[in-house]
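Please go over the structures that come below.
Consider the two complexes below, in which chain A is the common component and chain B and chain C are the respective partners.
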Partner chain A sequence: MRRVAAVAVNTFRETIRDRILGVIILFALAMIVASLWLASISLGQEGRMIKDFGLVAISLFGLIVAAFVAASLVRKEVDKRTVFIIFSKPVSRSEFIWGKFLGLAATMFVVLMGMTAFLFALAWIVAHGPQGSLLVAGLLIYLQLLVVMAMTMLFSTLTSAILASVWGICVYAAGQLSHNVLSLSRLGHSGVTHVMSRVVFYVVPNLSAIDVRGAVVGEGAMSHTSILAWSGYLVAYLVVALFAATWIFARKEF
Partner chain B sequence: MRAAVTDEQMSSEHPSPAATDLRDTIARALEVRDLRKTVAVGFRRRKVEILRGVDLEVREGDVFGLLGPNGAGKTTTLKVVLGLMRPTSGSVTLGVDGLGELGYLPENPYFYDYLTGAEFLQFCARLFSLDGEERGRRVAAILAEVGLERAAGVQLRKYSKGMLQRIGIAQALINEPRFVLLDEPMTGLDPIGRVEVKEIIQRLHERGTTVLFNSHILADVAAVCTRIAIMREGRVLWQGTVDDALASSPGADLERFFMQVVGS
Partner chain C sequence: MGRLRNVAALLVVCACVAAIVVYQSDRPAAARPNPVVFVPSSGFYDSFSPSVRATLADVYWLMAIQYYGEHVNSDHRLDSLPSMVRLVTTLSPHFTEAYFSGAFAMIDIGRPDIAYGLLKKGFAANPHDWRFPFYLGFFAYTYASNAQRYRVAAQWYAKSARLPGRPDYVPRLAAELATRGGSTQTAIDLWTQVWVNGDKYARQKAVTALDRLLPADKIARERAVAGLQQMVPHALFTQFLADVFQGY
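This part shows the complex of A and B:
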């Protein structure tokens, strides 16, 4: 456990100081501020526009961090031979993978909560009151991105960093649509389509299940029980993905 | 010119029974027996035998130089010893108690750009589960040993090649290992850097630490090694003391001896 913590702290320090991360955060904050302009041209919908546009910006830039940083996290250490140094010390492959994930998860938490706090303050000013649902939405976006990170790390043990990033983004896109795939299959009568839709629904993480953007802007609502249940499912999903990554990584030679 | 190695020159590799008895009383830091490694390369997964029956013996307290041309299998041998690669067959026996007593510096190492030298060494010390006070003591001592106290707070991306090599050696020594493996520790260093690395190896030898290192620079090997092995195409062609090698060579020249063994 001490070695997992050591790898995690090291990963957090390395990623949080990376200049690329600073640039991404600046772009995200600029985009959130740009929502003020959109709000100014949407009569009577200023608060809603800022919240909606701001959450999209947080998801988008969070996804960039999750997919690109997670892909390079393990791959870069293999390509640049840092793993030689790590694994010549009494560190197991699973301690390395879990430490890397937890370190990036901590970085992602700081980044996402920072952006969410900024959006929260902006929405408070524009809507003349605190919008607590934004904080919940920020936490759920964080959980979605943790799943993307775990899947991207799994892919990066199999392929190049760039391909792993692309696959990670595909998982995010498919995860946002998996509910729709199931709904659409019910409209048709083809057994094959129905089975295929079920397979996609179970294999791809159902990220849309905890997408509360609609509820935040006042379009429908989600029960707390449902959010908790689907959150549990996503945590289980990312744990399985990390165990798979560990299993593959343990078989690698350097 | 290609020269054959004489029976006398090969004697260190094939000792007499009496010598074998004597050898059994000497503690070994590493014993490698008939080590073979085959890898699949390319799209068609063509099998290539990198190690073809390596036999190697490093005694405790040795400064052991592993020599050979590029592609001889030196780095692969070290990787198998460290468990970074699995052997296809053969055995590796370490005289130390696992990775906790080993130190390793890879060739052309890359470290974390955004960490300072002290943070990086703290991280390495944590991997050995050392407590806070002990970590602080060792980091300070090792920074002084490699002459990087003043650069301890500087991020590694601002280090020169020589400084990176020294921090690499520092991380290999942070656990005060009994056995240190250095892969091309002097490659790319200027003459001052090479002297500094040689001095570090000498100090380790004086403390009784076993050192095994790969190198292409034969003058450095002659200066610091007590024993050497010469590899080519995945096999050890010769191993013995540096004195034996020099005595077997016309003009007591290690370079000539090396060329004799591997062929020109």
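This part shows the complex of A and C:
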């Protein structure tokens, strides 16, 4: 456990040194410009627009960090051969993968909560009141991105960093739209697409299950029991993905 | 040879930069607005999650506002506005402001019937929002041309008066319209509600109106007021009787 923590702390420091926290500043600037712009074109609906598009922006900024950093974390160590130095110490390959994941998860937490806190403050000013549901939405986006990170790390043990990033982004998109893939395949008559869409539907994590953006802008209510149950499912999913990553990484020859 | 190649490369770059500058300076700053734009069927988005549908609704809402702004003061053609507003409200049924703004925008194209339908759709999706029946009453009163408009408007205002959050004047408005529409019993019921829920001023108005609506004959009036007993709380009924039987 201490070895996992040591790798995690170093990963956290490394990613922070890469100026990932700059994403928060970029997000803040984008949201300030967006709020000024939306105030003039939304016909008095800037509060709703800020909340909705703000959460979309958090997801997208977070996705970029999750997909690109998670893909390069392990690959970078292998390509620069620094992995040999780490493995010369009493650190197992599974501890290395878990440590890397937890370190990046901590960085992502700081990034996501920074952006969420800024959006919360901005929505408070624009909508003239605190919007507590934004904080819940931010935490759930964090969970979605943890799953994407775990999947991307799994892909990075199989392929190149850039391809792993692309696959990670695809998992996010498919996880949001898996219901659509299934319903669109019903419109066609191709057996192949029907089977493929079923595979996508059952294999890809159902990220939309904990997407509460609709509830934040007044479309329906949050079902806390349902969100808790689906959160448990996503945690299970990321644990499986990380175990698969450690299993593959343990069998890899450098 | 090498020098010649550099000169040739420089000339190619200069020609390319010149072409870009010419093209960019001639480029129209904005495309000419088209009054007929493609608006997809909401059925296409049926299988999307509520969150994605809400975001799409917001995007179409911004587009609808730009479309309205571009055309309302220029060619005055808002051909696609009804389908745009319908799409927004189907994707996000609880986006109440879209119904209200959309309904008033329909007046600009001379289609209060669409506005009325839109508000009815909004009321079906948001049955606890007093503003929908209130605006439905307003549209019925303002744009209906038949003799029933007072009665229809009064019915909508009466529905609005029963919902939480409505302003104090809504029951009085409903009762006044019912009186004008000739729905005597409805008017009596509504004025009684105004008396029960209202302040001193509202009660004075209610007593004046009830005095006009209730039969002048004492026995007939007693019979009519007895029918209102269920609408007035027991503790207030003696006061109510004293008010409606002033001068008897």
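Convention: the second predicted complex is superposed on the first by the 222 of 254 C-alpha atoms of A that agree within 3 Å, B and C clash if a C-alpha of one lies under 4 Å from a C-alpha of the other, contacts with A are read in each partner's own complex, and residues count from 1 in each chain.
Everything below uses one rule, namely that a contact is a pair of C-beta atoms (placed from the backbone, for glycine too) under 8 Å apart; a residue touches a chain by one contact, two chains touch by 3 or more.
Everything quoted here is computed from the prediction, not taken from an experiment.
Asks: With both complexes overlaid on chain A, does A:P90 touch chain B (first), chain C (second), both or neither?
Replies: Once the two structures are laid over each other on A, A:P90 reaches chain B alone.
Asks: In the overlay, answer first, second, both or neither for which of chain B and chain C A:G191 touches.
Replies: After superposing on A, A:G191 lies clear of both chain B and chain C.
Asks: Please work out whether A:R17 is in contact with chain B alone, chain C alone, both, or neither, and reply first, second, both or neither.
Replies: first
Asks: For A:F254 in the superposed arrangement: first (chain B), second (chain C), both or neither?
Replies: Only chain B is touched by A:F254; chain C is not.
Asks: Per the contact definition in the header, classify A:R81: touching chain B only (first), chain C only (second), both, or neither.
Replies: first
Asks: Quick one: is A:R3 in contact with chain B, with chain C, with both, or with neither? Answer first, second, both or neither.
Replies: first
Asks: Based on the A-chain superposition described above, do chain B and chain C contact any of the same residues on chain A, and if so which?
Replies: Correct list for chain A: none, the interfaces share no residue.
Asks: So in the complex, the part of chain A that touches chain C is made up of which residues?
Replies: Residues 38, 41-45, 48-49, 52-53, 56, 176-177, 179-180, 182-184, 208, 211-215, 217-220 of chain A touch chain C in their complex.
Asks: Across the complex, what residues on chain A touch chain B?
Replies: 2-3, 5-7, 9-10, 13-14, 17-18, 80-91, 253-254
Asks: Using the touch rule from the top, collect the residues of chain B that touch chain A in their complex.
Replies: Contacts found on chain B: 79, 82-86, 98-100, 102-104, 106, 108-115, 119, 123-124, 126-129, 168, 171, 175, 181.
Asks: Can you name the residues of chain C that touch chain A in the complex?
Replies: So the residues of chain C touching chain A come out as 46-55, 58, 61-62, 65-66, 92-95, 97, 101.
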